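Residue numbering begins at 1 within each chain, and the chains themselves are lettered A, B and C in the order written.
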Amino acid sequence: MNKFYQKDIISIKDFDKEQLEEIFSFTDKIMRMDSTERREISKGKTLAYLFYEPSTRTRLSFDSAIASIGGNSLGISDISSSSTQKGESLADTVKIMSIYSDVLVLRHPLDGSSRFAAEVSSKPVINAGSGTEEHPTQAIQDLFTIKKEKKMIDGLKIGIVGDLKYGRTVYSLLHGLGNYDVDVHLISPESLRIRTDSTYEIKKRLSFSESTDIEEHIDELDVLYVTRIQKERFPDEEEYLKVKGSYIVGMDLLKKMKDDAIVLHPLPRLDEISTDIDSTKNAKYFDQAEYGKYTRAALLGLTLNQDGF
Amino acid sequence: MNKFYQKDIISIKDFDKEQLEEIFSFTDKIMRMDSTERREISKGKTLAYLFYEPSTRTRLSFDSAIASIGGNSLGISDISSSSTQKGESLADTVKIMSIYSDVLVLRHPLDGSSRFAAEVSSKPVINAGSGTEEHPTQAIQDLFTIKKEKKMIDGLKIGIVGDLKYGRTVYSLLHGLGNYDVDVHLISPESLRIRTDSTYEIKKRLSFSESTDIEEHIDELDVLYVTRIQKERFPDEEEYLKVKGSYIVGMDLLKKMKDDAIVLHPLPRLDEISTDIDSTKNAKYFDQAEYGKYTRAALLGLTLNQDGF
Amino acid sequence: MNKFYQKDIISIKDFDKEQLEEIFSFTDKIMRMDSTERREISKGKTLAYLFYEPSTRTRLSFDSAIASIGGNSLGISDISSSSTQKGESLADTVKIMSIYSDVLVLRHPLDGSSRFAAEVSSKPVINAGSGTEEHPTQAIQDLFTIKKEKKMIDGLKIGIVGDLKYGRTVYSLLHGLGNYDVDVHLISPESLRIRTDSTYEIKKRLSFSESTDIEEHIDELDVLYVTRIQKERFPDEEEYLKVKGSYIVGMDLLKKMKDDAIVLHPLPRLDEISTDIDSTKNAKYFDQAEYGKYTRAALLGLTLNQDGF
């Protein structure tokens, strides 16, 4: 029996290096299959999505993942605009959705929501983003992208730039990187530095440096992971505009980077990365989106099949 | 040829006991099948849903039902927020939707809407709730649940509590129970008593007693069917709060009930049933939701297959 | 290899008569197939829809088309109410959606949007309506309907009535008719006449007369194509009501038409065609909707299969 069968996917912290590498290996396997073979993996299985905050991108990534392995999806894409918004409890909604499906994909603004949902659900629950720090399938997608494009993760120097305070993507990625021997460099405006309380655990497994200057170690990076800086995070617009300009990845910056460095982004991108980067060999954010589809397909396939695939 | 083939499902009043029992028997058959076998029943058939009032729960029950028998679904989940809301008539919309599908599932606020839709549709129409009194698939789900859990329906004493005036679920259930030899006890606040004009027909086939006190016959009931009491129905909030409190099913009440009594609810539940009931052997409302998926799958399978399945 | 394989469908102007006839012939083929055979055509393929303006009708026509040939669909039905509305560029959204699917269906208010999307997409793009003049799949549906119902298109006299200024359907249909030897008669209020600048190209291939009087050539028409006149187009309501009344197709008008003339409408219809026409042998607008499903299925099948089907 494969060890992921009927297991919940709640936090990236629940995965050790061996498990991650096993998922990567199944993702590789799925990518090598032809589409007919792939559709046999979870033929006729139903995924139910339950989104307490809208995320079209993440939902469609799961929709396309389950379709690629032969299943189908149904659910609620934005519960705030749904009739389910009649005051029903999360527990009741999860119980019903798990009756309607073989696997449940939950997105929720509150920390702990996925863990709780997994307790009450009769089917495995996959966390598609919860609270401030958890987005395990995004972290797996990101780690797979690095592995795939750089052949290995150990030994790399990885820069992460942008809003490091509010993005759950960054925290999940850092926890995932904690399984590897990497050198992490965090770049953000002072007001958007990573939260000290949240890195207590991360620091036990991962050393990182911090800087407000994107150019400081730019020539040493193997990976530059870019995230959005959102206007809403700033008390006044002037401050925002000043800060934003300093973290845009353009051709000038790219020229200072290693020839084989890669640029990643969880998307959607606004203007953090200028579009002339898109056509360079360093731009890997669209590949990253494609890998996201296949890592999710692998996770779903492992969760739904006793003996793997 | 099976007698439900290409037939509309408009009103629970159109079903006699023999027909209901046949549907129950096909539901049992579907539940015994493995998922691969089940998906052959309506492989590749398309269900179109057309909801003139939103009901995420009912829509998803149909979505999961058609998926479980190998079909797919498409449609309009809330026509008020749809571009179809350009003033097109119900007749035109129904005609088009029936071109796009093999079976049409309609929800509409007006009495008679389903009957009318069935007239103009080129495909069978299933009423997923219309007007004040009709919700035939919910009634079939409820009757099947009682049969499944109590082994028979004849001879039971059934209490129905809550808002009996406005819920279409209750009227449909009473009409369905009219086919059986049951003893019905209705419990509601004075202002939410069942409508006299609507029970004229029911009374010919079914005798029931009425009470405002939930405890009155509580120790005699085999089934307690609980419905929501909605705040909006009351002229002032104080009145609502007073009434609401009197109809909450908690452990104290459950202890007064027969040991093998079952508690049902069409869901979603707010606080009409306290959550500590959930883990008792009497709580059958989540099973009821699951049976709803399979009774709908059976109805769809019978409607779509000439020789049944 | 079939000539439509992996090709974008951007403008009706890109299709010559031979290509149109080939599509019609594949549409005929699809209509003759039984549903099991049909579902093999694009088994397991995924269509992604990306609608920058809502159009439930067009979306459902594509949904049902891809379902009928064994595929599935996912996407964004109204991007303005979607989280993708975070300011992401059309190019980025198209790139991602093409990763998630085998073919992309785009609807967008701007001229040129589909052509641009096709440039950046890694999968074929089908224009489901863009800007003021392009709606190629609607034109193909309309031409196929005429061919199917009148056996040929050459030699026909075709009247087009209603709002000829703002409807993109009309411009696409005229460009499509430019491939045939037809006599076109345009009927509209003065203020909703066809745009002179837009017909410059059309006039090179097609001669048409114009009139404000629907009765002028009514007895000569083989086809009457009716479009909606929208209230919003008029400066004052009185003007609108006066004009609207003059272009309603009722039994009186139908009696003046040829016995075998056909009446078409892209739908949805408001009261441009009175409902007593529906049951006459001349009313072909619901058949037109059905042909729309099958022409789209044929286009999708050709785009997705190297050797056709």
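Following the convention adopted for this analysis, contacts are C-beta pairs under 8 Å (C-beta built on N, C-alpha and C of every residue); 3 or more make two chains touch, one makes a residue touch a chain.
Since we're looking at a predicted model, the values are computed, not measured.
At the interface between chain A and chain B, two copies of one sequence, fewer than half of the residue numbers in use are shared by both copies. To fit its Cα atoms onto chain C, chain A must turn through 120 degrees, a value rounded to the nearest 5. Note: centroid distance chain A to chain B, computed from Cα atoms, is 40 Å. Counting partner chains per residue, chain B shows two or more touched chains at residues 72.
By the touch criterion given at the top, residues 44, 46, 48, 72, 74-76, 82-84, 86-89, 91-93, 95-97, 99-101 of chain A touch chain B in their complex. Listing the residues of chain C that touch chain B in their complex gives 35-36, 39, 54-57, 60-61, 63-64, 67-68, 70, 72-73, 267-270, 275, 286, 289-290, 293.
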